[in-house]
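Read from first to last, the chains carry the letters A, B, C and D; within each, the first residue is number 1.
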Amino acid sequence: MSSETARVEAFSDGVFAIAITLLILNVQVPPPSAGHLLAALARHWPTYVAFLLIFAFIGIMWVNHNRLFNHIRRCDNMLMFLNLLLLLGITVVPFPTALLAAHYSTPGRTVAAAVFNGTYVFLAISFNVLWFHVVKRGLLGPETQESANSISRRYAVGPFSYLVCFALSWINVPLSLALNIGLAIFYALPPRTIPKGRTMRSATK
Amino acid sequence: MSSETARVEAFSDGVFAIAITLLILNVQVPPPSAGHLLAALARHWPTYVAFLLIFAFIGIMWVNHNRLFNHIRRCDNMLMFLNLLLLLGITVVPFPTALLAAHYSTPGRTVAAAVFNGTYVFLAISFNVLWFHVVKRGLLGPETQESANSISRRYAVGPFSYLVCFALSWINVPLSLALNIGLAIFYALPPRTIPKGRTMRSATK
Amino acid sequence: MSSETARVEAFSDGVFAIAITLLILNVQVPPPSAGHLLAALARHWPTYVAFLLIFAFIGIMWVNHNRLFNHIRRCDNMLMFLNLLLLLGITVVPFPTALLAAHYSTPGRTVAAAVFNGTYVFLAISFNVLWFHVVKRGLLGPETQESANSISRRYAVGPFSYLVCFALSWINVPLSLALNIGLAIFYALPPRTIPKGRTMRSATK
Amino acid sequence: MSSETARVEAFSDGVFAIAITLLILNVQVPPPSAGHLLAALARHWPTYVAFLLIFAFIGIMWVNHNRLFNHIRRCDNMLMFLNLLLLLGITVVPFPTALLAAHYSTPGRTVAAAVFNGTYVFLAISFNVLWFHVVKRGLLGPETQESANSISRRYAVGPFSYLVCFALSWINVPLSLALNIGLAIFYALPPRTIPKGRTMRSATK
């Protein structure tokens, strides 16, 4: 963690932590009048799946945010605002997920899925714009060029892939969601190259 | 980040992060009974605009808070309380915005806009009092004099400009809001001089 | 900030930041049907006063927590749990305040004031037990003896004074609240001696 | 706190802090119409006990998380995700507790207690998997071997003991809860060996 980016990272950690924790407020306890408790809990499965899904998605984006900032050594005004744009997407995530959970069995399913997948188009673009700015303005550490290239390649496919998800929502909702989940798994996987600076520092410590 | 101000900054980051993230709790998912989902979402546009507006405003104030504390090297008792006064304004922000969103099409619009603009008068004064204290008591780093003067000049126009906003709310609500948004854009722009201490440290690192 | 206490302080900052920010969720926006907006806002004054009061109280306790941990250099198991006890009091604070606001004009006022003042008896004892443990187990920095004595003296009067508040709630509620506010102002004031270690470090920096 | 694990710890602190503070939102203020206030408060005792219980449980888990990361010097991709799995359990904790509080006097008590105890089976397994990964991949500091062995032994009994709790929920709910509380007390106690690295660093500081 560079001293210049320390507060950007601390503020981002706060936003990620709150976004990921607030989700549980939407998970309602079935009232005693709801009949047999096990059956009542089973009926709520879409809420629980939605909860686990957003937790996983926000978690994966936090890991990616962490990976990016491990490479960033300097901070400028634009980086702060591009990071805010990214955090806007993060705080919004619970809304399209709740929308999709509420409308999954109704005629509104297509629109809800489009809003859901559209949010990830926005997030993929935000990640890329932030990273492009960092690379172009030389805010990276000197030792991380190879690893940064690997990140650039991985991220470049994001906006297009999520646009495919978005288009698919109008054709086949379950397929669009399956692709979205597949992309999340792709971004959860570690990049091939490890940040050299980090490893070297650890080795000499 | 100076070790003396570390906890003030960490606590402030927490408050900013929560204030900016809690907003999404006010954004309601339209129930399935609300008719065509796209139309139902479109009807809620004032809520979404209000959400984006407060997110942008709190984000800009966080960037300014970050800029100020980049210059501050020492902490005293008064700085902690002036910072709390500023954070009071930050935590309050969602309230006047919700008030304005709820009363924008009613006769209460003038009062709601006055409360909204008045909050920013309070915030502009808080920023100035904090900064005035920092400059007067020598809590700045030694290398940042020029950059500090630039901040002083930028901030000095704040309270008066927001007072004009406040007065305008009684005459023309949309105009007062347009000026308020214009001022937010002004404070989002980077100051001309970069904090020298920061740059030097980065250069020698 | 010592590296041993860093996480205790970061966690505490998080709890303080959330406790102080969640308060705004209780401040309701008057609906457009509530008549003239200015009159509707004026009717809600006890809510606004309660909000400002808890904000000030939690803010003052954060400043005191910060002052204590400025002196603490080492961390042990008991310190973590005594700090959790203190944070329990902090997270609870919104409840007795809401209770008092809701019952101030009803026969339940005495009980509500007793619960309110009783919470501060608990908090005053928590602060003292934590500080007593720190002094007794030598978790302080070596240079802070004089300043630590000053804190010990200031804190020693807390539990007894708040017990007087608690007793007064059964006799005269407004008087008990006035004394409580007076004590908050007392603990907001800076201690006479400045932590030497801090000042010396700043001077040599 | 190692620089590699700094953000993992900061993010975790945020999640723990929010989880432990959000609980108070569930504690309702009795309305003035509820009759004598003291009686109304007394009737709500299960809510207050549930609040104190989760606060203590989350607090103890935070202390254990802190103890673990005091030993961890390096971070890898898997550690970030195992930590997220652990945090998933932490954010979930308020749900089974509210479920148990709502169904304790109904026929759903057995199922609620099973869900409650099952959550701790999940948490115990998460703690063990994270720690097993840390030990196996050599992410520990070099001086902490003995202390790490002590932690490994303490944690190894967790999953089995909580499985006994889970099984007991189908036979005797109060007994299963008593054992669960007993286990929490066991994990609150400090481990016998102090992390050597920490102590040595403090001594030489």
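Just so we're on the same page, contacts are C-beta pairs under 8 Å (C-beta built on N, C-alpha and C of every residue); 3 or more make two chains touch, one makes a residue touch a chain.
Computed from a predicted structure; not experimentally measured.
K.L.:
If you check the contacts of chain A and chain C, which chains show up for both?
P.N.:
B, D
K.L.:
Give the label of the chain whose average Cα location is farthest from that of chain A.
P.N.:
Comparing chain centres, C lies farthest from chain A.
K.L.:
Specify, for the interface formed by the sequence copies chain B and chain C, whether it is same or different in terms of residue numbers shared by both sides, with half as the dividing line.
P.N.:
different
K.L.:
Suppose each chain is reduced to the average of its Cα coordinates; what separation in Å results between chain B and chain D?
P.N.:
Taking the average C-alpha coordinate of chain B and of chain D, the gap between them is 37 Å.
K.L.:
For chain C versus chain D, what separation do you get between their C-alpha means, in angstrom?
P.N.:
The computed centroid separation for chain C versus chain D comes out at 26 Å.
K.L.:
Residue numbers in chain C touching 2 or more other chains?
P.N.:
As it turns out, chain C has residues touching two or more other chains at 10, 13-14, 17-18, 22, 25.
K.L.:
What does chain D use to touch chain A in their complex?
P.N.:
3-4, 6-8, 10-11, 13-15, 17-19, 22, 25, 73-74, 76-77, 80-81, 84, 87-88, 91-92, 94-95, 98-99, 102-103, 106-108, 111-112, 115
K.L.:
Quick one: in the complex, what on chain B touches chain A?
P.N.:
1, 9-10, 13-14, 16-18, 20-25, 27, 29-32, 36-38, 40-41, 52, 55, 59, 62-63, 66, 69, 188, 190, 198, 201-202, 205
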